[in-house]
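Here it is: the structure, laid out below.
Read from first to last, the chains carry the letters A, B, C, D, E and F; within each, the first residue is number 1.
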């Protein structure tokens, strides 16, 4: 039986409230990912990992339809990017959680394929501190950052790790011949770009056009499906382990 | 080449601003559709028709990622339904339009597979009256209502016409053996349910559990893929004709 | 005894909660109605019909003070039009309903003399689906459209039917010698204007200056008080019949 | 010619932008005024004075339709009172001002018949400090308080001065035989009620049921139409003098 | 033991809920006070008086951390002024009250050193009318206006009385040699400035640059610490007397 | 000359716009810090570091008045904690930035002494990505985490590092004899508490009462002023270095 709420009938959902107490909500983005990758990359990855997590939980989780848009103002210099304001994004997730809460769900896990959604999700998590539901959320690449090696000095958005994940999950959305390197070294960054990557210091957000004219961090040409499999499957493992503890608590 | 913004790269989107001046945004719902149909029915139909319209426009339109959630408070008595408030739903669509506007698009068509979204879309349309963009939106079944014949006295949500569309567009999401009739005649409706269907008189909204314990209007067992094809393809024809005029204006 | 809440003392209102369980709220607009009719036309018609309905209900309904402003962005090209945003308009109606709810009323009927208020009222109606109050609302001309005959091909705002209603209800606000025809045929409409009147197709809102430089649809010179009486009294009949059923349920 | 925007045609309004640069907006309330006075008292007085002011300005001012609802939470213990929240009330006035601003008006005077609206109007006035429009507002009784003599120690809402104004402006809305005294002396007030009337000290708002079970301050039986005429006509004089200076500045 | 919540530990606060049932919240402003006084003047005075009041109440009140920003749009023409919108200011105070309410406090007194905060506080006071908490608020100079004598015809912001208070409370923030007179007589005011000071008539808010190029009303050179002591200590007396009655009620 | 905007006159601020182009805004919290530390701890630390940074920048920065309240829902189980919602907190900071922007400032640095403010500040930072101002913000302890050694396995809020900072900056607000250990090891944490500290996995927020009945993480008895000096002065160094680069860019 499917664990996708989208494909269930209402009768199946009624059963799932009891049998599958964890509701996973994948949230992505519609935003530029360089010259060689589809703009749905973050949604695709969020859905992909959410389903792998649900699979590992063997019937104890349902996966809600993906929110295909995220908070992407920093990519608006690139055509085709579409962004929600943080307040609207948060309102959507809040109302999705509230909907499932009304049907009886009490444990929620938002899987975000897009780092731009993190701040709004953190704010939401604060709102739920004294509620009677559990609200967890997870980024993807960050939780497997220890496995990312042999990459350019500057790497990140649409770079090695993300492209690898797409080569594993949805190779048809990667145009390998059009992959091209973005910012690779700290030295080539402008001051604001460099400052925004400070490790032990203040934080600052810059548009991705400030990093590089193509909005890419790192060298996606070095991506491999094999590395993608490692990152994706390990992320799913770690999230599933977390969820398993949560469900057993 | 694809007309789906989700699958495009940013470079393709940049070209599309010029070549495909109409942006189509499909919006659906996650809500009960009786015992035999998937809860994503409205999203599936919105996307299906949106793509048929784009096809007919032969490169002059792009299709944005679907908004997979809509305004469904009237179905919340049924497990698995998820709803956005009208204000949040409108905020999302407004921000999606604004995003594409920033890239240069000026003509917008929202295709909604769910009647519960109509009111919020009507409000939005009022906001755009004095803007420099064109905002149109369309329901599906309503624009081919003249083709719906031989149905039960009461029909509508998850009934003959909607199920037919799904049998044509996504038969794998219809469990034919589980289809069951809902409210069929005015006589069996409670007073509030009947009043809410008044033709020449005041309007009133009731929960779909007030219509029928299964939330279905009509008899989905009478649905056929052939009828679905007629409704879907004609809707696409009519919307495309409208868009064509708009693009030529 | 009066059924107008405005004219009652609080003691009379206290009695009315028991004896007159239906609260009717008339909402209108302050907007252009061509060169020959007062801008309060929609408020005057809403109040007029609301009072006729209350009369027919013989003491079972109260009429709240009118909201003299509505949602009229599409008339802002014409001097003297004043508009509320849909959100503010809805907030007002919501708070009026809430006020009367606190005193014990549970059945509400908003009578709108202005079609621009319909979308916001539809949204409001969705909010009340799962409340313990009944919220109905009604347009005027639409519910007697079957009685409108012998009019120009294009007709509507400030045209034959509306002017007739004013000649019956408040002839002193009609300057007959200044009535002048507006848009009369589809052929004379611009493409956007024509598209916005599509029957089986997408919806679009345009400013009334796009329809005609005088913002009028139809030929108000053909209006008669007799026709107005038919429309107004029949509308009151139909609304009262609806309310009667509601009160008996 | 009328100075009421409600009764004007749009053509007349177009002329008025030039000839009548001051827009007066009367705002009232729907709230209890004791056992002998209509709940529309504040709206009636606002409209009455607004029109007297416009008359004195001899064609240099227009009067907008009245906002018949105000901020009345402190009267909600009494049946029939209807209240807007301060935020919604302010939003309405803001949008009315903005509407007329779009047509060319730059000078605004809100006449409020209800003290409960003062705080929200003060807030609005702050918003307009650095705009290019002039926003003034005026209470009624407060600006002629020097003329109120021979009244009970405690007096105010629905008391001598207000009832006198109604006997002058709309005697048909006063039921003299039902007028009854409310709180008359400080000694009979509860501590919170007394504290809320502190002159040189902190401010506090209490419900009018805390002042007196009938919600009345003072003795309306002592009201006279003659005193009402003095208060109303002097208020109109003073406001008109103010407006005259404003228009000449 | 301190009565400042800022300096307490949570354990001390837990005791204070019982022993000190009045919570005093000082709110000020960051805004120009002429050439000779610090921009924190209103915060300093609010805190100063709040602490004197708490002292007089001998352990029955706590003082919350000051809100160091207020509603100051009318001073924005002067560098260094920082302003909150009335809505945000009110939201902050509302949330502070709500926080303490959750810990058990039920009596609240906001002490504002800045008149620009009055309108928003009045609105807030209306919201609390039917709550189960007591919300009082107090300006400073206004409640001792009977003691202000021998001042220029026009006086007020950064003038004699306010500067005197600062000379008493925080002389180190007054640069006496830089004090300079502002607007002193009605005759020298522009029409809008004069109208905004009308006693028996409409109200209007103007920027303080409209009053005088230095934004000062009155002659601060005539201020004395002795006069400041009289104003400050009397204000504290009066507020404490009020609070004492409240606590005994 | 002072670099505190609170203590400046408006004339001094006018000069500072030119000479001190960086505006530093310290934001703190009013929240429990265990049995031995004042609830203003986060505000004290934010102000302390902000001033040290300004000192290092030698006249090129001003320090705005502190926002003494932050986002602290997770501490509301402890008496005396006061919290703003994330939306209100963000609105305040946004309006403070906007105020200074109007006077000419273009570079902003928010120093937060409280981690609960981070999420709202991250959201704000996204809003400013495409503005013409620079918005940076910085936590304190996180940017010197490499210097925190010899601490308990679980450490953080009101633990070794934070108490050390207070012993250095404001020893009078630390009651050493009342310091007591909180949660020290992962083993003693409940499952939700432990999950919320997951390094490579999903994020979750829990109330601090879930960590430990005293709301403390770590052992504040091991704090020293010397360690505090190292952390505080190094944080100031790093922030100043960042600001210096920013100012030179």
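We adopt the following convention: contacts are C-beta pairs under 8 Å (C-beta built on N, C-alpha and C of every residue); 3 or more make two chains touch, one makes a residue touch a chain.
Just so we're clear, the structure is a prediction, and the values are computed from it rather than from any experiment.
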If a chain touches chain E and chain F alike, it appears here: none
Starting at chain B, fewest touch steps before arriving at chain E: 3
Maximum centroid distance from chain B, chain identifier (CA atoms): E
Same vs different contact residues, chain C with chain D, by half of numbers used: same
Over-half contact-pair match to E-F, picked out of the listed pairs D-E, A-F or C-D: C-D
Cα superposition angle of chain B on its copy chain D, in degrees to the nearest 5: 120
Where chain B and chain C are represented by their mean Cα positions, the distance between them in whole Å: 28
Between chain F and chain C, distance of the C-alpha-averaged centres to the nearest whole Å: 56
Centroid spacing, where centroids are CA-atom means, of chain A and chain C in whole angstrom: 49
Residues of chain C touching at least two other chains: 76, 85
Chain contact topology (line, ring, star, complete or other): ring
Ring walk, chain D to chain E and onward: D, E, F, A, B, C
Residue numbers on chain A that touch chain F, as the complex places them: 71, 73-74, 76-77, 85-87, 109, 116, 118-123, 125-130, 134-138, 143-146, 190-192, 195, 198, 200-207, 238-239, 241-243, 245-246, 248-249
Residues of chain E defined as touching chain F within the complex: 5-14, 16-17, 30, 32-40, 43, 64-69, 76, 78-85, 88, 91-92, 95-96, 99-100, 102-104, 173, 175, 178, 215
